[in-house]
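Note that subunit A is present in both complexes that follow, paired respectively with subunit B and with subunit C.
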Partner chain A sequence: MMERLGLGDAWSKLPRSVRHAALPMLVLVLLAFYPSYYSDLTSLIGTNSTAAQLVPTVPTMVIMTVYVIMALGLNVVVGYAGLLDLGYVAFYAVGAYIAGWFATQQFSPHNVHVVSVGVPHTVQGIHVNVWSLLLVGAVFAAVFGIVIGLPTLRLRGDYLAIVTLGFGEIVPQAVNNGDNWFGHNITNGPNGLTPIDALGFGSLHNHWSFLPTVYYSVTNAVSYYYWTGLALVVFTLFCCIRIRDSRLGRAWVAIREDEIAAAAMGVPLMRTKTLAYAIGAFFGGMAGCFYAIYKSSTFPGDFSLNISITVLCMVILGGMGNVWGVCLGGAVLSYLNYQGLEAVGNNFNNIAGTSFNVPQYTYGIFGLIIVVMMLLRPQGLIPGQRRKVELELGVEGGSLYEASSQ
Partner chain B sequence: MTDNLLEATKLRKEFGGLVACNDVDFAVPRGSIVSLIGPNGAGKTTFFNMLTGVYTPTSGEIMFNGHDVAGLPPHAVTHMGVGRTFQNIRLFPTMTSMENVLVGMHSRIKGGIIRSVLRTPGLRREEREAADRARELLRYCELPKSADESYAMHLSYGDQRRLEVARALATEPKLLLLDEPTAGMNPQESAQFTSFVSKVRDERGVTVLLIEHDMKVVMGISERVTVLDYGQKIAEGTPAEIQADERVIEAYLGSGATSAGNGEAAGA
Partner chain C sequence: MTTRAQAVRRPTLAALPRFTKQINRVAQWVIVGLFVVWVVGNFLHSPAQFVSVLLLGITLGAIYALVALGYTLVYGIIELINFANGDVFMLGTMVTITVANGWLGLDGSQAWYVTVPFVLLALLAAMALCGALNVAIERIAYRPLRNAPKLAPLITAIGMSFLLQNIGAAIWGFNERPLTNTGNSIFPANTLFKIGGVPYQAKSLIVVVTTIPVLLILRYLVQSTKSGKAMRAVAQDMDASRMMGINVDRTIAYTFALGGALAGAAGTLFVMFQTSTRFDLGFQLGLFAFTAAVLGGIGNLTGAALGALLIGLIQAFNEGLSWHTPGSDWTESITFAILILVLVFRPQGLLGEATADRA
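Moving on to the complex of A and B:
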């Protein structure tokens, strides 16, 4: 007992920043070593048992990182700035096609290599360094966000949602028909772009042997993709937190709460909203680019409305405005989507002796989860502080004083 | 000619067929406290909204500090030095007092995206200075220290009013517009607020324009008073002149009040 008190004292004496960072750091370390203890986890349960299917595989973890990045990006738009965006998948598509254009043989009569890694110079097409493409894809998506944002962000609420929904549908359609844009084959239409160059460290391998020349040259390539995805998540989280606590982050919250008051305090509405769009799009584009590189392909079919809705669900389920909640929401829903539901279904069938095809009901089950969440815990799994007080007192509508005197 | 900080000439605003503001000429001398009064629906708030960029005037010009601000977006007007409060308090309810004031400083600090992500030494210094100034403003507006980190929605009514003034002052205004600041206050609080407004003018060199219904407040602090009725300016002058003006009495008390003197309406 005494010793526990002593530990507690020592803990509370640590600087606030250390105490705040401790739990995320611990989780990060546990996640970083996931590929090395994944097989131990399954063998603990029984390698070939149905229950072992519940443990997320490393490929599932890669998908989870992609969705967590997207959810964090959408959280900037929806959670911070309060702009409902139903077409977020458009930015994801932009990122993916940037990878598709600048790291495949699509434009094959041309032969341009820019610091490409692991691609022989005899391979035709444009091959830009894939690492830089992650950034280029993100920047292009951000520019695209500004281009979409400038005309649409003059709208508010429901109208904005409808217009973004439109853009979310236009992009995959345009890509689908992009095999003949004024006589040029730009996107290769429904056949998609493949193969996309793999990530890799090229000649750095000679200095540090644990860095593979190209990911597919090593047997645990998927672990390398996972670590890359995890690094991108950390980068996204870092940026989101820093921007949230900045002048721009405050302006977003102010706009979300009261546009007229925010403008009267000197916050330029259009500019600030467009920046929210651009930053959200930046991470969406990065996620799309990474996903395309991981799959080594990109198809118009990858960018359905479902993805926009799913990512929005992740943000709402996790806790709008809270980065940790959004990470959790993104991880949980993408896990369920790609592995969990099927595994749960198999276990259920195994025990109950039934034969439900659970993945068939995925969206029904998602809908049910959201409805139950909204009834029992509308603020999300890990709610943001603001959202919590807001729901406590129901500020929206009514003047401030009326609301607070209830 | 006097030095006017704000000068509106033939300012007009129509909503469809309704003329909410009918060719009003209006001036606020630098360093003064001026009141705008009038019955409900006289066009006072419309006038405020044109000054602050919420509405674009149908015609006329608004010169502020030598620049035409008519039709500029609200944030640009604020940037030029017009701070305001609202008739119905419009704080950011789920932001703390400190954050509310920091939003007010938006146009006075820089803090770009990349610098914010990298949290450069320059940015840290800027944020620290902004926080110091915000705390100083909150003290100046007589908000208790304990309110700094509480959400605006949790503050008492009086503190919310004071916070709104603090937030408006954070925009570093040359002209402070107060829209019915003493609404809902008891006489004692009103008196306290009146002396606070005079203090702000004297100590910070801020020119004040207020819309007010409480005649005691208006007559107590204003150097000049302008009266609007049905979108038209019906009188302008010192508080004493306004109190004696027949048209003003008529507008406020109904035509019977003055016509009774003429013997037309018996027993008014």
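Moving on to the complex of A and C:
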């Protein structure tokens, strides 16, 4: 006689991998259709009310994907390997300027087109296929990470932090002065590089008509950028999870816990740390490249220290070392940064009849979040399991960072 | 098979540190040599310009020294880079404006026997407030994390720095804040003498002359008083000094008070010299000062003053001289490049002793 199975039993009979993947998949599907029900959300609240401003617009969602990628990349460095990087924006800048150099008219006497899409051949400058630039930018950033990392990674933790901070300050200034590097105009200085070629599928359009030839040729271009960003987030998440569970990921955690013990167990310190830097930089570069393509421009002013701190704040808020927490932290803070704080402020002013300019205090609020989180909930909103144990029990006689700093 | 291959390769890897040590030494001498050539070359190129820029650099260095000492004191005792120190300095500049210009009504038109005591009053107010603020920051943000992972207080310090900037902006506004509404200087701006056509103003001299006694008093406090002895004991070994009956918490608070007071004094001198301030200048000036502390050897008081003088001179040389100088567009990059080079090649700084712990 067959026993009747309840829904709960059926659920628990499913393989573990399916059960673990179910929630992320559900969220992903919901997010993928976001542009189609965004207008319904706003009309539900009342399109013209100030409360409707709280609903993230599709452009905000694109920026959120960019920051989630960056936060996931920094999480590799800070969360997994325990190296504090305060100059993460440098990698972002490298990615953005790779897009700027190889997809604009910057080097305009030259006329090089490599599988470029949607750019007439009469347009001068170097125009490499923009999809490939996402990869090229990421790889260049990774190489840059190795170049920075090799001399500095033998420093102790807090010195490393300050060195990366130094690089994070030097890179934007070098870019800003880049209109005159020994008499050559390389980066066009404070005027930035613009316009950067748009993404597009070129002749694939004929076979799958929903893929636009070039993004700007369709009316819902922003949605396409959003889906591209979402695909990049999924790619980043996949890489992060797979690397975390690999031999390399466990080596990072071992170094974070106790550098000397890890070295004694045969973990090659320099190589492992440098790889953490390179992989973190890879995603930073990819995010920068994608953001530059989305905005179709890149300026040295985009790469301030504030961005590094914001991304660090995302990692801390979400929970160092936990990809889901970091995704949440990245999404929440970038939403607040680009839309949320202003909307909250407007609503508050509307109700209370005041006139606070809340977005002005964005970084003060982020600073407050950092301080409060470190004091009250250092493991973050969604802590990594291992990290939680460390922070709650503590490690006798010096904890995870102290060992790695000697 | 693989294990044998590794065993064979190991000796070459073990030999690497010795080479890096030699490379380090050569690189240090090359860098110092190039710097000396650059300085001498500039001196020969135009001596008068060189001397006037030198004097400006000394003034700048004096202000950096006061802030750098705050970093080095705190780092010496609890090994924390107190990023908030630069913003405490910024609040010092703001408080000085409020007290000197807002409350006491100084605007540069008063006679010297009014100006001098009132400026001293503003100086004391800034020192007291910044000292108290620094103690409060330590109590609220750093003390609960003293046994936490080492990077936790560092991250908190960054958050604190951003928070202080915004508190400053909320109270004193986001715009550039002039010292007096008329744009006048409170310190006498008259020219003492001219070198090669460049005037040397009295206020530059006042900054330097005020800094020196402050540094001497600090030296006395740390070297010759009982609480200074306690500070040095806690810096050496926190647990052992607790067993010897030293109140560690109070000693650390005292150190933060000293660092904050120095930042406040620097704030007063800076705003009197520059005649304006901004809510976000503290972070960067703090980083410059921290570079100075690292250059001199962090934890070393004389080193911090020496490093600050050097950083002040290098910045002034870079902006004021004309023979092979990158110019003011690159000041920040040069300063941070110095920071990186010192940390990579000589982490113990100019005067710090090379110990395994500091390296």
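Methods note: the second predicted complex is superposed on the first by the 388 of 406 C-alpha atoms of A that agree within 3 Å, B and C clash if a C-alpha of one lies under 4 Å from a C-alpha of the other, contacts with A are read in each partner's own complex, and residues count from 1 in each chain.
As a working rule, a residue touches a chain if its C-beta (ideal position, glycine included) is under 8 Å from a C-beta of that chain, and two chains touch if they have at least 3 such contacts.
Every value quoted in this text rests on a predicted model; they were computed, and no experiment measured them.
Asker: First (subunit B), second (subunit C), both or neither: which does A:Thr354 touch?
Answerer: neither
Asker: Looking at the overlay, does A:Val163 come into contact with subunit B only (first), subunit C only (second), both, or neither?
Answerer: A:Val163 contacts subunit C only, not subunit B.
Asker: Could you tell me if A:Val267 is touching subunit B, subunit C, both of them or neither one (first, second, both, neither)?
Answerer: In the superposition, A:Val267 contacts subunit B only.
Asker: I'd like to know which partner A:Thr47 touches here: subunit B for first, subunit C for second, both or neither.
Answerer: Once the two structures are laid over each other on A, A:Thr47 reaches no partner at all.
Asker: For A:Asn177 in the superposed arrangement: first (subunit B), second (subunit C), both or neither?
Answerer: second
Asker: Once the structures are superposed on A, label A:Cys239 by its partner contacts, choosing first (subunit B), second (subunit C), both or neither.
Answerer: It touches subunit B, and subunit C stays clear.
Asker: Can you tell me whether subunit B or subunit C touches more residues on subunit A?
Answerer: C
Asker: Using the superposition on A, tell me which residues of subunit A are in contact with subunit B and, in the other complex, with subunit C.
Answerer: 390, 399-401, 405
Asker: Using the touch definition from the top, list the residues of subunit B that touch subunit A in their complex.
Answerer: 52-54, 73-76, 78-79, 84, 86, 88-95, 99, 102-104, 106-111, 113, 116-119, 123, 127, 151-155, 157, 160, 167-168, 170-171, 184
Asker: Touching subunit A in the complex: which residues of subunit C?
Answerer: 79-81, 141, 144-145, 147-156, 158-167, 169-170, 174, 283, 287, 290, 294, 329-330, 332-333, 336-337, 339-340, 343-344, 347, 356-357, 359
Asker: Would you tell me which residues of subunit A are touching subunit C in their complex?
Answerer: Answer in residue numbers: 82, 84, 86, 151-152, 155-159, 161-163, 165-167, 169-170, 173-174, 176-177, 305, 309, 312-313, 316, 360-361, 363-371, 374-375, 378, 390-391, 394, 399-402, 405-406.
Asker: Give every residue of subunit A touching subunit B within the complex, in rising order.
Answerer: 238-239, 242-243, 245-251, 253-254, 257-258, 260-269, 275, 279, 386-387, 389-390, 393, 395, 399-401, 403-405
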